[in-house]
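Two complexes are shown next, each including subunit A; its partner changes from subunit B in the first to subunit C in the second.
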Partner chain A sequence: MTALRRPPDPYVADAGSVRAVHQFLPALMPGDACGIHTLAAQEALREAGFESEIFCEAIHHELDGKGRHFSEFPAWAAGSALVYHLATGSVLADYVNARPEPLVVDYHNLTPASFFRRWDMSVANAVSWGRAQLSMLVARTALGMADSTYNELEMIELDYRRTVVVPILLDVDAETVDVDPATLARLQADKAGGGTDLLFVGRLAPNKAQEDLIKALVMYRRAYDPLARLRLVGRPATDSYQAALDGFISDLGLDQAVTIASGLSDSQLAAYYRTADVLVVLSEHEGFNTPLVEAMRHRLPVIAYASCAVPETLGSGGLLLPDKSPSTVAAAVHRVVGDPALRDELVRAGSDRLAHFDLNASKRRFVNALTFLTGVTV
Partner chain B sequence: MAEADEVQSLLEELRRTVEARREDGFYPAGLEDDLSAHFRRIVMHRVAPDLSRLDASMERLRAVPGLSPDRIPSDSGVPGGPALHRGLARLLGRQTQGILEQVEELAAALRAVADELSWAVRQASTHVHTDLIAQIDTLQDRLSALERQPAGDAGPMALAELSRRLEHLERAEEARTFRPSYSAEAFEAAFRGSQYDLKSRYRDLASRLAGCSPVLDIGCGRGEFMELLTEEGVTCSGVELDAGLAEAGRRRGLDISEGNGLADLAARADQSLGGVVLIQVVEHLTAPELLNLVSLAADKLRPGGRAVIETVNPQSLYVFARAFYLDPTHDRPVHPGYLTFLFRQAGFDGIEIDWRSPPPPDEILQPVGEPGADANYERLNQLLFGPQDYALIATR
Partner chain C sequence: MSEATGPSGPSGPGFDNERVMAEIRDEVARRRAAGDFPPSLERELDLVFDRYVPAGSVSSDFTEAVKAADRAAYINVAVPTESQKPGVGEVKRVLRKAMAWYLNYLAQQTTAFATASVRAMRSLGERLEMVEEQLADLAPARDDAADRPAVAADLGGWVSLCIRHLPTRGRVLHAECGSGALLRSLVDAGVDAYGVEPRGPLVDAAAAGGLEAWPDDPVEHLSAVADGYLAGLVLSGCVDRLALPRQRRLIELAAAKLAPGAPLILIATHPDAWSRAVPALEVDLAPGRPLHPTTWAHLLEGARFTDVVAQDGGDTSALSARRPG
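Coming up: the complex of A and B.
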């Protein structure tokens, strides 16, 4: 048996020898939490005096110039540390694994492949690949970074020796929100005819269990508000799951009541948050769930099923349900929407919780997590 | 929601609300289950295309009547028209019939193709179903479990290594527990010579243990060497693995127990023996057993006690052509240099090698009277026809 190649341990440079921190992520996309986080991290690193570039496999045209193809990364980058953002399988993982520089893996969660196998083997294989790469990088990684304790525990389970939680870097300042007036006007016109608006934001994916939201809507319309609507905002993760949701909606005669919107700009999305009455999250699996924080930012009350990282992200900033039977969810929506005092309390609790995700504080945590490599504290 | 109590009471209230709505008839019985079941049906039928339209088309195809000239209309509004049509039909009847037959032939072939295609589509759509997906799920789960193993913990590899070692151990154990169908006595009689032959062969070696009582003879066989020792006035006992040989020895009044000689030696008190003898035994031992034997001998022999080890001489190639591989229980020959080294390491001194059993003179190369050639023959004789056995005699 050949000896296993194991890099020196710990795989770190001398503290203070790192002058540049470059980030690698598979795809830089607008509106994607991972991309937003990476751009904010770049800003934080540059503010702290580091040289910092973003290297990707693919860059959306709207973000041209924000990142470079990883083949442009120099063959010799002494004095650099690398941050790899892992949320799917990618050749970039193999690339950073083979690099000599100290490596930080920032883990943004992988949905278990079992959620996708029935729907789309290619998606299932991509997340399985990512999980194998998360294991592969253990021996090579100086620091495992996670955006929730839930994700950190997965890293610890895989034997990452040094780990830290840094919340996803998000602008949570309610004052800076830009709302698209046209979308706002259209949604407000719908609302003028009556009916409660339930909102869910996130990819159309089996782990997000949008079918459970539809079931809850059925119960809510029967028992409390026959005019209620459900707005699902998000790109489909797989066509087959979207087709099943479409079939379900149309079989239940809810074509008018359930709308699916995808490809929204930030300001259009803001209009959805502004006009909704409640954000309802019934996901089976979440590694962080940014929309929970976005809802707090937009002063929208949150009702969420307590699974995986959802309780951790939500904290006491919303109503957590221990079960998500459609009738229970419907009753919860009715209670929150129909009781202004409770609604206000939830919104206030959300605003309090928001302080935890303060962008400047998170940026400092990000930079300071690297102090053992860089010697720099901010 | 800061207060846990508040949340609990709110959840309790939600439960009561749900119950009340149910009782008020807002939710028909089983509605929630029906919703879930309906979505599951959508999921399950996702891979099966809707075949109802295909079925309807096939039905229509089957209902189409066969082709016939009678179904070609011949009526006409023009006066005399029908007669003209009939006349034309009579004139062209044969040609029309010929064309119809060809079209009918083509139509029948196409119907058969459509039937086959319809059957094939239905097969695919009914078989690519949940059982297959469930199997893939199971395999993928096992794969994920393997992938989730931490790097560096080479689980599957360790398993393969373990199983390789286990197989090796099983093979070794099989070889160790070799139980021939013939008796050891028959083997000894066939290949080691008569008891008289043996005793004459070893008499000189037995004399080297005079005054060394008590002596333990490990692997004593029928006890010929013990008889020689007794004749020298040496008290001795023997251990023999083979029950038949041990019993044969006991019948001759010798103190022979049946069992493992190394275990017997280990059980003796330190410095309780004057001699240990192993005649043609160490070539049956594994390397660790040999090490163990030498250190046990060092412990159990009193100062001045002697170990006598006789075995085949691997320095003589003649041995391998004649004696060594005759016995399938021979594990490995022991080199005299190595055996000397072991006893010296164990603290014995006065180590002596006694070369024994030269090959019969008529088998060795004879000098031809030419000095150069004879010198070569001599060297070849040493290599090929060296003594077949040697005895190591070591004093504690």
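Coming up: the complex of A and C.
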């Protein structure tokens, strides 16, 4: 049996010695941006001629066969490099830390624990654990990869020596969208009765500040459109926060106007993008925010509060708000929805911005970021 | 109101974010003046949601954590020996019996250590609770200006000084803005100014006049503003009655939130004039007292403000200063 031998720090293999790049992420879930990115990265790596498998702690049954449990990874994988996708605390971080292969940490951001402490200590502890692991992996990592400059700066602050920004790998081609006809018909039927549709896509979580969207809806209905609706799409991050939103909606008498949908397929979600009038994002913390890009893909105008990585992701592809008081948001929605010229201008700006996230270009950036390990450039 | 922590919005060719935002601000001001966007409704919405936010639960979290540690303190050496494979269970039982003397020895020490640690943690928790109770008794009264009658100070004498120092580009904050008299003069002079004021009737009056005024506590508002965001800052009212630690905190926040080289104007009431000029209710209930201009100058210089100049105006003084560039 070959004895395990660690390469010398900083765990960088000789360029050209890496023939396989395997990815590790805690959970492979459908519709999850991190999972979509990982699958696209696998495709890019295989297209570049590498062996590439995905190893996880948990795999959703819809993605059976796309990934394997990490316990199946061989004890010694000569000629391999590992990419670890970090977005929460996981035993996988400890696992890859103990491995001998060169390691790339692809950081997708951790929401600060302070957002969750009041709501759910278990979630707060999970993100704190992840942050501790992000620090732990510094000494072990050959390359820190981030999907935004905002995330990259967090890695640099932790002393990651070599870092690179690679946009999240997403299919941004509007022509490839599959729209669920039943969902589309239902939403269009709602729309036939009148009323503006505001959309938000993302986990129900305190950092996403869905309560601010509800407050803005109240102002918007009062001043401009009493029939306006808010559609919140996303799984709850904590039960207590969802219960608070439910109570808030009920207290304001908005049960018919605010709907919460979760567990949607990609094609069902596409129907929401297609029937909405505007995507509104008022998050307090975002490390990238994929729905901004998805909205551009669906030619939906975007209004977003300029926090953290949102300005970087949105670029000039939408309207950035420097404050998010309900009055300002309501007036901004009115301005965008009520002015076809501005709406067209924003849709055009969003389409222009999409070029930055072109999937093929991003795949090349992903593979080329590893050139110093692999010797391969595409 | 929250402020962005990132850049205030890059604008690409063909889409002018700043232009659209200026139009939106005008629309908000018009709607406020028309009563469509009552600040009182924004406050009410905040209050309704706040009812659903779980109360601070640090002590209960600590209790739960100690309980969890207590449950985990006992080390069980009775390793499960069942197995589906024939013979393996028997091997495990033999191994467990053979190693019991060794594992028991380690487990007893580990359990003793864990139990002692949990006991120490409980003791520490009790002592911490006592300290917290004592601190609560010592804590200064909360400066809740929102509970007091709506009386605004007359700042008319300082309008020209403010206009002379404040820039016409970038956001300028006036805290506290009262009913907006000074704020109105600044806006009319082309300054992109907004205000915060904790007293509801005053902020309603300012907003009704088409001014951008927010119901907020000055210290809390400044805490939420992004570092380096403000092109200028006017402080008045709150500076006279905050407790000394909060007055110091206000100056620290001003230094952090102003852009390099940006001006600060601090309008303070003379300590002697304060009890004469301010209603007795406000004087008696205020957690702090006004400072002398020389003291303010000392604090500003301590926070590394430059060009600190104090001007006497009778009952009030104005100090102008700049954040170092």
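We adopt the following convention: the second predicted complex is superposed on the first by the 369 of 378 C-alpha atoms of A that agree within 3 Å, B and C clash if a C-alpha of one lies under 4 Å from a C-alpha of the other, contacts with A are read in each partner's own complex, and residues count from 1 in each chain.
The rule is short, and it goes like this: a residue touches a chain if its C-beta (ideal position, glycine included) is under 8 Å from a C-beta of that chain, and two chains touch if they have at least 3 such contacts.
Everything numeric here is computed off the predicted structure, so don't read it as measured data.
Trainee: Let's test your reading of the overlay: on subunit A, do subunit B and subunit C clash or fit side by side?
Mentor: Aligned through their shared chain, the two binders clash on subunit A.
Trainee: Between subunit B (first) and subunit C (second), which does A:324 come into contact with in this model arrangement: first, second, both, or neither?
Mentor: second
Trainee: Could you say whether A:334 touches subunit B, subunit C, both of them, or neither, answering first, second, both or neither?
Mentor: Once the two structures are laid over each other on A, A:334 reaches both partners.
Trainee: Tell me which partner A:309 touches in the superposition: subunit B (first), subunit C (second), both or neither.
Mentor: After superposition on chain A, A:309 lies in contact with subunit C alone.
Trainee: Which partner chains sit in contact with A:118 here, subunit B, subunit C, both or neither? Use first/second/both/neither.
Mentor: both
Trainee: Of the two partner chains, subunit B (first) and subunit C (second), which one does A:139 touch, if any: first, second, both, or neither?
Mentor: A:139 contacts subunit B only, not subunit C.
Trainee: In the superposed arrangement, which partner chain does A:218 touch: subunit B (first), subunit C (second), both, or neither?
Mentor: After superposition on chain A, A:218 lies in contact with both partners, subunit B and subunit C.
Trainee: Could you tell me if A:91 is touching subunit B, subunit C, both of them or neither one (first, second, both, neither)?
Mentor: Neither partner.
Trainee: Which partner chains sit in contact with A:158 here, subunit B, subunit C, both or neither? Use first/second/both/neither.
Mentor: first
Trainee: A:182 contacts which: subunit B (first), subunit C (second), both, neither?
Mentor: Neither partner.
Trainee: Which stretch of subunit C would you flag for clashing with subunit B, going by 2-10, 56-64, 146-154 or 164-172?
Mentor: Only 56-64 shows clashing C-alpha atoms.
Trainee: Can you give me the overlap between the subunit B contact set and the subunit C contact set on subunit A?
Mentor: Dual-contact residues (subunit A): 118, 121, 211, 215, 218-219, 222-223, 240, 243-244, 247-248, 251-252, 316, 319-322, 325-328, 330-332, 334-335, 342, 345-346, 349.
Trainee: Inside the complex, what are the residues of subunit A that reach subunit B?
Mentor: 1, 4, 6, 112-114, 117-118, 121, 124, 128, 131-132, 135-139, 157-159, 211, 215, 218-219, 222-223, 240, 243-244, 247-248, 251-252, 316, 318-322, 325-328, 330-332, 334-335, 342, 345-346, 349
Trainee: So in the complex, the part of subunit B that touches subunit A is made up of which residues?
Mentor: Touching subunit A: residues 1-2, 7, 10-11, 13-15, 17-18, 21-22, 26-27, 31-32, 35-36, 38-39, 42-43, 46, 133, 136-137, 140-141, 143-144, 147-154, 157, 161 of subunit B.
Trainee: Considering only the defined contacts, which subunit C positions touch subunit A in the complex?
Mentor: 1-15, 17, 20-21, 23-25, 27-28, 31-32, 36-37, 41-42, 45-46, 48-49, 51-54, 56-57, 61, 214
Trainee: Tell me, which parts of subunit A touch subunit C in their complex?
Mentor: Residue list for subunit A touching subunit C: 118-119, 121, 150, 211, 214-215, 218-219, 222-223, 240, 243-245, 247-248, 251-252, 284, 305-312, 315-317, 319-328, 330-332, 334-335, 342, 345-346, 348-349, 352-353.
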